[in-house]
Structure formats: C-alpha cells, structure tokens
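Some structures are shown below for you to check.
Two complexes come next, and they have one chain in common, subunit A, joined by subunit B in the first and subunit C in the second.
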Partner chain A sequence: MTKEKPSPLKPSRLWKAGILLAFVVFLFLFPRMSSSNYIVSIGVTFCTFACLGVSWNIIGGYAAQISWCHSSFVAIGAYTGFLLFNHFGISPWISVFAGTGISAVAALIIGSISFRLRGPFFSLCTIAFAEIMRVWLLFQKNLTQGANGLVITFKQESFVNLMFRKDDAFYYILLVMLILYMLISWLLQRSRPGYYLRAIKVDEDAAESLGIKTHRIKLFAFVLSAVMTSAVGTIYAFFLTYIDPASISSMDLATRIGTMAVVGGAGTLFGPMVGALALVPLSELANVLLGSSGSGMLLYGGLMIIVIIFRRGGIVSLFSGDGAPVPALLKKLRGKGQAKNGGDSGA
Partner chain B sequence: MLAQSIFNGLVMGGVYALIAVGLTIIFGVMKVINFAQGECLMLGMYAAWALHRATGLSPYILIVPVMTVMFLIGQFIFSLVINPIVGRPPTDFVVVTMGLAFVLVSVIQLIFSPTYQTVVTTAKNITIRLGSVSLGTPRVIACGVMIAAVLAVRLFLKKTDVGRAMRATAENLEVAQMLGVNTRRNFALAFALGVTMAGLSGLLLTPIYYVFPNVGMPFKTISMVIVVLGGLGSIGGAVLGGLIAGVVEAVLGAYISPDLAPAGIFLILILVLAFRPEGMFGKGARKA
Partner chain C sequence: MAAILELKDLCKSFGGVHAVNHVSFKIEKGEILGLIGPNGSGKSTCVNLISGVYKADGGDVLFEGKSVIRTSIAGRSRMGIGRTFQSPKPFTGLTVFDSVYTIAMQTRSYKEASKISGEILEQMGLSQYEKMRCEKLPIEKRKWLDMARVLVTRPRVLLLDEVMAGLNPNEIDESVALVRRVNKSGITVLFIEHVMKAVIKLCSRLVVLNDGRLLTSGDPDTVMNDPKVIAAYLGRGYHHAEND
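Then we have the complex of A and B:
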C-alpha cells in the first residue's frame, strides 16, 4: 500500500515500505507455511477482525465517535447472506450488496438522529440500536430461528457459493478484502473528508466554524463504516457456517471490534490491523489457558482500559512516537496539584 | 389486564429509575456516561447474595452494609481507572467504562462461575392486592426504596455543604474550582454515589431475579435509554423516564410479546431523539 506513495523516497520511508512489503508477502504465504487447518482458521479470524477494526476505525478512530453497534452490521450482513442463500439460493457475492444496502440505511437512520447531538448520544444510540437488532433477531423466530440461529450446509466446493473444503480460500478472500479496506482507509485519510473527520475529532466547534458540515461528514463516515462492516459480516458468516444472535449480534463482538482499533491505535491507518495481529492470537491463547467460558473478554476489557490510561495512541504509537500524550501516571507523579480539568478539548 | 400491566410497569419502572438516577448523578457532575452501570448493578446483586449467604439475613436488612460496600467499590474503581482519565476527551470515558464492564463481568465469572444463584426471601411469596390488581411484594418494596433513595439524594444535594459543592461542580467546573471546591473529590463522590445507586438497585432485584454475571446488560441499556428520555442530567427526568420505560415494557410484554418489550423502549428512545433531542423533560427539571 505505502509502496505506491509518489512522495520522495527517504531512507526511513524505504525501510517502512520494505517492512510492509515483507509483511504482505508473509501474509500471502502464511497458509503455505502450515498444514494445520486450525492455524489457517486463526489467520481467517485475524483478517476478519482486522477488516472489522479498519471499518470501525473510520468512524470510531478518525472521527472519535465511538460506536457499539458494529456487531449489528455484521449481523445484518450475515443474516442477509444466509437467508437469501437458504431461501433463494442466491450467491453470497450478490447478497453482500443486499446486506450492505440494509446496513447503509440503518446507519443513515441512527446517524441522522444521533449526530444532531454531541457528546455521548451517539454511543448511547448505537447501544440502543444494537439491542433492538438483537431482540428483533431473537423475536423473528420463523425467519431467523431465534436463539437457535441459522446454518448453511456444505454441498460441494464452490467459489460462487463460498463453500470450500479448506479454510485457505476464505483466508485469501478476506486478505484481499483487508488490503482493499486498508486502501480505502488510506485514501480516506488523505482526502478532504478524512481531514474533516480529524478536525471534528480535535474540536468539533472549531471545525464547524470553519464551514465543515460536521453532521454530514460524520454521517458519511458512519455509513461507509457500516457498509464495510456488513460486507465482512456476510463473508465471515459463510466461513462460520453457523450464526446466532448471541455470537454475531452481541455487545461482546461490538466491543471486540472496537478493541482492535483502540489497542492497535485508533485513528491511525495501521492501528486496527496491528491490534488484530496482537489480539487475535492472544485471545486464542487466553481461550486455551482460561477456558473459553467467556473470560477471554477479561483480556479485551483490561487491555482497553490499560491502553487508554497509559498509551492512548495504542501499539502503533510505540513505533511512530506521535499521537501519544504523556501518560497520566507520569503527570500524576510530576505533581498531583496540577489542575487538568480546565482544557477539555485537547486530544 | 391493562391496569395490572400498568401497575407492574410502574413498580418495575421504579427499579429502572433508581439505576438511571445513579447514571444521572455521575453524568450531572462529571458530564460522562458510565457504561459499566449495569455491571455495577450486578456487583450489588452479588454483594447482596454473598452477604445473604454468609449471614442468612433477608436482603432488605442488608441494605446498609451492601450500600457501604458498593460505595467503597465505587471509590476504588474511581481511583483505579477513572481518576487517571479525568479531563481527557469524553471518548476515553466511553471506552474505559465499557472495558471496565467486561472486566467486572469476567472477574465475577472467574470467582463465582457463571451459574445462576438465587436469594430466597419470604417477601417473594406475599402479594399485595389493590382491587383487581395484585403486585409482588419485592417489587413494591423496590419501588418504595427507590422513592426514599431519590428523596434522600435530593435532600443531600440541596441541604448539605458537600451536596452544594457537587451542584456547583455540575453547574460550572471552572468557577467551582476558583471558589475552592475540590472538584476531583466531588467527581469521586459522584461516581461512588452513582455506583451505590446501581448496587442498591441490584440488591432490590435479588428477590425477583437470578444472580449471574451477565445480569446487568439489559438493565444497563434500559437505564441509558431512560437517562436520554428524561434529558441527561435531570434526576426528575430520570425517575419519570424510568416509570415510562417500565410501563411501556409491561404493556408491550402483556399485549404483544415479552421478547419484543425491550425493543419498544429503544424505539421510543429513537423517536424521542428524533423529535425532542433534549429529552422529554430536558428543560425545567433540576440538574444534579
């Protein structure tokens, strides 16, 4: 991705491009290195969550509007894909667009209502929407089978219907999506709306006074984010072959998606991917050590708190050095009396 | 039937209102939402359950000890995770308290296992009859305690020096600081008070509900809806919002489907935000 940058090639930049190229090559060769389907399935999970994190980052990172309903968009994509396939035999490659359309409309509605207000209203509204979605999926028993969830049965290997004997194919599909998403994110970052979003993050009033239509820009980012999330949802569901509201439309999943970006570095291009790279293997490990009784969420919750308190810039900031304010602990050690309540707009 | 569900809704709404009042106190003073409020309710339920197991006393006698425990837990949580991020952008609170919610659930799950626990009281088997309407005693007690707690909080905020300092902090942070109010201590107090309210609601729920780690989630979302309905920061609005939410839930549950009842409340939220974004009682009501 960075290798396409037209800017002069400084040595440090060359280094970064080299590392990135090596990483992309590694990602492409990854399934060849192991014969174990389990390892590849972790790779699939990584690509999925990296994609979801990149999508979340567009609204939650660049614009700092924390959404807790991205699991609902995953669910919309997943359920649309399954229902259209089970009832009409429509290929997921087509139903992806149906799912993204529904998600876009949903995001448009939530966004246009909640972005009129500042502060925590957006986050509150997303939680409400996520709950409506989950309850509705549970309620529509003859359509969604309620809590029992939906399954698709494997018939034969088929690219059109996204059915593969081995997970390699899913891995490559999602990897290509990840690269595509990173490109979208990169283009957004360099475009006018991208600058607007970051201006909104730093100071919404100032942004508005400069003539930025903050409501419209936030709405655009949220819809884009929802569409991207929903598309991943459809593909990921065909990888899982089983979906139910408890797993795919839960607050757990919504938080997990947010954690990827926050831990990696919210509002940065590589943050969400780095977050997924660190967290997906870590949570596999935690499941092995602690048992998958749901206590794996301790990891996500704990890391979220630790990163925000001590290193707001996430893992990425350890390398770039920017975007990370002085850790609060240091500030505390320097002098407890310092009043920091005054300025509330500083990032 | 309608009268029955309205009364059911009103008493359940009392419990919702109590959680929402806790949320309101925190928002009023700190201007942030505690996304772990439902999990604090869960802690309250576990505190009541554990003390009930240890002493064999009815949870209603344990109100004072449980509230003390919850206040201390609130202070502890504040100094551990909230204090370091005071003054940061509000998104930090959203993320940290959400993370806190998951940490609390996981820790409780690891300690007590995810099994459902019960607290047995004699009050559960007694129903109160009002004409054709019959109400479970635990719910009526819960509603009564809610009213008492809200009145106590109001009195505290209006009549005591600490309460006045808290209101000053809520009104204007900088001016309060200039006048020598220790705003950080007020933040801690408000947070702990909010957590205590959630814990008290948890205790009141123990005779009616099972105690398990994830119990807080629905209460959390409903209380958030309520504070928005009532207009953020208004205690009176939170109480009214709670009662409305309770009634809507009960009526929808009785006439359409209990599964769909929460969705109705959220739908109301979205409608209210669309047409009256400052909340139904956003103006006129006293701020915490």
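Then we have the complex of A and C:
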C-alpha cells in the first residue's frame, strides 16, 4: 500500500550523527567542566551503570530473557579483583580476565540448565543463583570477610593498580569501556546473533522451526552479557575501594541494572545509556533531597512501572519508530513554520 | 518413487484427547500430498510432530529413510523439513525484509542473504512491503511472509498448514499457482487445506484424518466420493447443527 521512501532518512541520520558526536564530546569534556570530585563521581556512576545496562540489554533486551543475577557477575568481577590484589598483588587489569572467566563459566552453567525450558524458568534460575552467590559470599568469611566486606587501601597513584587520587581517571577508563560496549552492542545488532536474538524474542517456536538454534544463541548472548558485566564489576570495585555482599551482590543492584535498560528502552542500542543518563542523576538528586538511599530505589520502581504501563519502548521510543510523539511534534512545528514562510522552502 | 517422509504409528494426546492416534502414511518424493479432515481431526498436530514442535508420545518420523524423532526442531529444519504455522507467526518488530533476511543469513553470506531475500519477496509479491514492520502487514499477506521465510531455508519437503484460509477466490488461484511453482522447483509438499477447490487442483493424492485416526487415502476422486469421508464431514455438520 504505502511505499516508504528512503529520502527523509538522510537528514535525520545526519542529525543523529551530529547529536551523537556532540554528546561524545560533552562526555569527554565533562570532568573539565567542574572542579568538584563529587560531580565527577556521578559521572563515574553514570558510565558504570550505562555499561551494566548495555551488558544486561544483550540478554534481557535483545532476547527478552530477564536476568536477575547480573549483580552476581558484578560481584564475581569485584571480589576476584580484590582478592587477587590483596593476596597476590595482581593488577586488576589482569584479574579482570580471571573474573570474566569465572562469570562466563557461571553463565554457561545457568544457561545450559535453564534455556532448554521456556517461560520464566531462566528468570527463576537467575534469582536462585543470585541468592546462592550472596549467601555464599556472606558465609565464606575466611575468604570474603562475610558481611564486613573487603577493602583496598590506597598506597600510591598507579594506573596498573587502578589507584588514583582523583576520580577523573576512573571516569575516562569507564567512558572508554562504555564506548567499547556500545560498539559491541552495535556490531551484535548488525550481525547474525543479533538478528537471531530478535527473532527468538518474538517467537521461539517460529525461529527454531526455521533452523535457528535458539538454545545456543541465547547461551552465547548470556555468556557475552555476563563477561561484559563482570569486567565492569572489577573496575567499578576499584573505584569504590570497598565492597560487601549487601551492596554489590544484591537484588537491589540487579534490579537497578535492569531498570537502566528498561526505562531507557530495552532491546535498543541507545536505550540503556539513555536510561542511565536519566536515572543516575535523578536517583542522586533523590538521595540528596530525601536523604536516604532507599528513595533511589523507590524512584527506580516507580519509573519502571510507569514505563511498563505507558511506554513499553522506554525513553528512546519517544524519539524513534512509528507513532513517536517527538518527531510527530517536530513535524507539526516544521509544517507550521513552512506555512508561515509561504512554502518557498521546497527544495 | 521413494518416500521422502514417512509417519509410522504416530501418537500424541493432550490430556485425554487423542489428537493423533496411531497415524501412518508416506509422502512420496516430488508429490503434492493433500492432508484433509474436519476441524480438530489432528492435521496441525501431525505437522507439529513432523517438525518437532510437539514431542510424539509414540511412533516414528522418517525423513529420507532415517528417523528424525530425536532430532531437534532446528535440526529438522536444517535437514530440509520446512513448515508454516496455521496462524502466521510474524517476527514482530522486524521489517518484512529483515524477517526473511534473518532466516536467509543462516546458510549464506550477508550479501547473498540480502539478494535472495529481495528475490523471494519479489516472487511472493511482497516487494512493496519490504520496509514495513511485519506486524503491520495485512493479515492475508502474513501467510506469504511465512512462506517466504521458510522457502529461503531451501526445504526438501514443505508442510503447508492452511495457507489459503481467508483468501478470496482470486487470491486462491494465485496461491494455487504459487504452490505449484514451488513444487515444480523440486520441493515435495504436504498440503493441508479446507479449501477443497485448491486441494483438488493441486493434489495428486489425499490422506484423510478423522478424530486423530487415518480414515482413508487415495486419489482425490475416489477419496472425495468415499462414503466414509462424506460421513466424517457431514457427521460434523450434523453435530454442529445439533449443538446450535
């Protein structure tokens, strides 16, 4: 019936590229804009949660397999990094690989057990794993100090050991990671697994009866997602310098990670980052204004419900796709402007 | 002629319902075999058993002489068993083009996949919808999209579950021609359809199911005039009349 023409794509694509470039430049200049270490630390939190959201999105967004154990992968990365550093003086740049390795194996096991069955089975398995992980960390007192948590003591400024006097360095490291993660996500979207995941998300029976090995693709996505999450965990832990099961291996954190992607737009390239961009400053503000760290969670829960009820596609869906209110509004405004100009701007 | 697909004593029940009850028949290489029967007689269940979407309670499915009963759904597709679903299953969110492209890229380079997807959509008369999200496709076109998707897997045998339901007479003629073309290209077809006009035009042989059992089989003329078949269809009609 209607044949969409490709012509209006070009300027909008140019616009998108321009906005993206400006945003990247802004992100790189961000720490220079304020002398406050607190502001920079919010930047670090943004980069961290954007990275985590992008990672979660690979299994939770593209494949719509909701994971509740991404905090466990953060914890694996964090604890591996701390333990190897404290006991053997191993640089986090090396222990990052140990952490990702362990996370990959964990994801492989959870996935192999649960992906054979459909429905909520995967989600339930991740909840079980998250609880096992948290309890295990609490009770392995010799290794993890249980609820007391682990500390890294600052010795001297060192890139190798991820010790910095100011948070700028962490900010840039995590920003580079974010760009890398976005790149991975973008590549995934355009490659075979990305297409298969989107088909699996809609209809596993159809996908499978057309030859797609759904089990294997989901497993791949979950392992990739776990590995990416775990790597962020190691770096982020060195920024925090203190970790304990309650903060780093909690359902709270798992929920926060998923919320980034869902609020921003699950299953989209920019969704998780946009989600982090909106949520991290907001929850920081809520904490300052309302004075407790619980208010942040309330905010997450509330926004999540609003998104699920009113706009499944999340924030990014306001700007893209059919029926998006923002482009429609712009078009309207532009249309009016042209009418006023007498319509001489034809070409 | 050799059988490309053989159902051997297949059984499947849902709770107390024997949807498919000891059914055996063969599909010969190159033919269009019609599978007919009143509503609820077990036709779709047969397709789901052959493609592996349902696990059989008993019996066997042979593809080119080898049992595939333990092969995964994807594995059977890759061996050459293609199917459509009675109610279309579009990949919501993907464009018409991308839903074919996704399947085509499994066995081809991206470039080849893109080329063949365009060609298949053209053959199906869906070119003009390429950029449309597939859930926005008019209902009757969705079956064609399903067909396009399965054709790019290069099936050896194609199980078509009521692809003509809801089409107008003109469209039915077009589809008949299309199915014939598909068959001419070397693909064996199992054709499930309530539209008898199409069945008679296309099929060289019919298998009739009733209440999950094989009622009879043979050439269309004989089968259509078989009192048992008429009774099965009419019996249904009477039942319906009584229930109303």
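The rule is short, and it goes like this: the second predicted complex is superposed on the first by the 310 of 347 C-alpha atoms of A that agree within 3 Å, B and C clash if a C-alpha of one lies under 4 Å from a C-alpha of the other, contacts with A are read in each partner's own complex, and residues count from 1 in each chain.
In this text, contacts are C-beta pairs under 8 Å (C-beta built on N, C-alpha and C of every residue); 3 or more make two chains touch, one makes a residue touch a chain.
This is a predicted model, so every value here is computed, not measured.
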item	value
First (subunit B), second (subunit C), both or neither touched by A:195	second
Partner chain(s) touched by A:205 [first = subunit B, second = subunit C, both, neither]	second
Touched partner set for A:138, first subunit B, second subunit C, both or neither	first
Touching partner for A:157 - first (subunit B), second (subunit C), both, neither	neither
Partner chain in contact with A:121 - subunit B first, subunit C second, else both or neither	first
First, second, both or neither for A:213, with subunit B first and subunit C second	second
Which partner, subunit B or subunit C, touches more subunit A residues	B
Subunit A residues touching subunit B - in the complex, by the definition given at the top	64-66, 68, 109-110, 113-114, 116-117, 119-121, 123-125, 127-129, 131-132, 135-136, 138-139, 251-252, 255, 258-259, 262, 290, 293-298, 300-305, 308-309, 312, 328-329, 332, 339-347
Subunit A - residues contacting subunit C, complex	1-4, 192, 195-196, 198-199, 201-203, 205-214, 267, 322
Of all residues in subunit C, those that touch subunit A in their complex	51-53, 72-74, 76-78, 82-83, 85, 89-94, 98-99, 101-103, 105-107, 128, 131-133, 138, 149-150, 153
Residues on subunit B engaged by subunit A in the complex (per definition of touch)	31-33, 35, 81, 84-92, 94-96, 98-103, 105-107, 109-110, 114, 173-174, 177, 183-184, 217-218, 221, 224-225, 228, 232, 257, 259-260, 262-263, 266-267, 269-270, 273-274, 277
